[in-house]
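Worksheet for the structure shown next.
Chains here go by letter, A, B, C, D and E, matching the order in which they are written, and residues are numbered from 1 within each.
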């Protein structure tokens, strides 16, 4: 799952009916903006857990929901500037 | 979901029958061009929401539709040059 | 879907039976080489549409076909050097 | 599957019920932090195997579990600084 | 599918039972190391085809096998240093 920051709600009047009335949020994943379906009720500046892949559908409420990124949890405490371990490099 | 800009329709006469008569659009995802199935009826320069993964199939109309990227909504207002938050870096 | 250029067929004598007798092609996706199952009958230098994710399986012929990248169409006309729009940056 | 290093547990009080009581771990994949469901019982500094895609769901316990990244094994010995082969470049 | 080079087997004693007794191999995908389930019987320095996404599960033997990367074929002849075409840039 990704660790993202919530930026703001996204409004799309002309969208497929499958989205129903769920809220869409613009989230920041690293340096790129993405759109996620909000399954927990979050607000701007929250740090959240986003699930992708086919799991995003069931997380959004049903196996046929057309989401590939769903907000599934709000992180209690997150320090994005915490240093990363220096020993033991990348794989 | 991705935030993409519609560039132009794509013509592919020799394609598998599974695509049926749905329109294909070339979209710009950041700096790379991709092809998406149009499920909403969009036009060049529209900013749109594209869903990927297995959700792209159902979003295109049926569970067996061979799409991995489907345009599912047109964004009402989008400013691609809006500044990103500077505090709170990437995860 | 990705826009790729066909490079050449790939020969793999020792492969799982699930691939059957379908042809494999080496394609160029941007600057990286990948292998795709050919569902349309293409030749080197063709510009093609490749579908990934779970849709690649059904596009290759059946729900249980072990492909994650399938060539689903040949693009009629493609100019890879066409300029990208300069106004309206990335999302 | 990815080779990741376990950093620390992640606490998210407000999360969807589908996660049940399974533990979430922050893992380091190269230089980016991700969240994975712990299916083996690991601790910080372990090098682990993480499975993504739809396989992450079944690996976490059931076909409907909302995970896209699950820790499925602890690597016995891993030297992240082992030199990579220099001959035979990338594909 | 990806074109990868086999580096060495990976030993993980503490892993989920779902992996059964299949062999895991560390493979090099471009410049990053990944773990793949070996479905063909390969050895270090082989150039192989790896399938990802949900197709990796069925390729590993069954629809419920927890793999997201499976080695499905050994390439007969592969020259990783073959020049890439210079005309016709990336999409």
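By definition in this document, a contact is a pair of C-beta atoms (placed from the backbone, for glycine too) under 8 Å apart; a residue touches a chain by one contact, two chains touch by 3 or more.
Predicted model, so just to flag it, every value in this text is computed and none were measured.
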Next item on the list: List the interface residue numbers of chain A and of chain B, divide the shared ones by all numbers used, and answer same when the ratio is over half, different when under half.
Entry: different
Next item on the list: Can you grab the rotation angle between chain C and chain D? Superpose on CA, round to the nearest 5°.
Entry: 145
Next item on the list: Indicate the whole-number Å distance between the mean C-alpha point of chain A and the mean C-alpha point of chain C.
Entry: 29
Next item on the list: Return the distance between the CA-based centres of chain D and chain E, expressed in whole Å.
Entry: 18
Notebook entry, point to check: What positions in chain A touch 2 or more of the other chains?
Noted result: 2-3, 30, 32-33, 52-54, 56, 90-91
Item checked: Complex contact set, residues of chain B against chain C -> 2-5, 7, 10-16, 18-19, 24, 26, 28-36, 45, 47, 52-54, 56-57, 64-69, 78, 80-81
Note to self: Help me check something: in the complex, which residues belonging to chain A touch chain D?
What the structure shows: 1-3, 30, 39-40, 49, 51-56, 58-59, 63, 70, 72-77, 84-85, 88-91
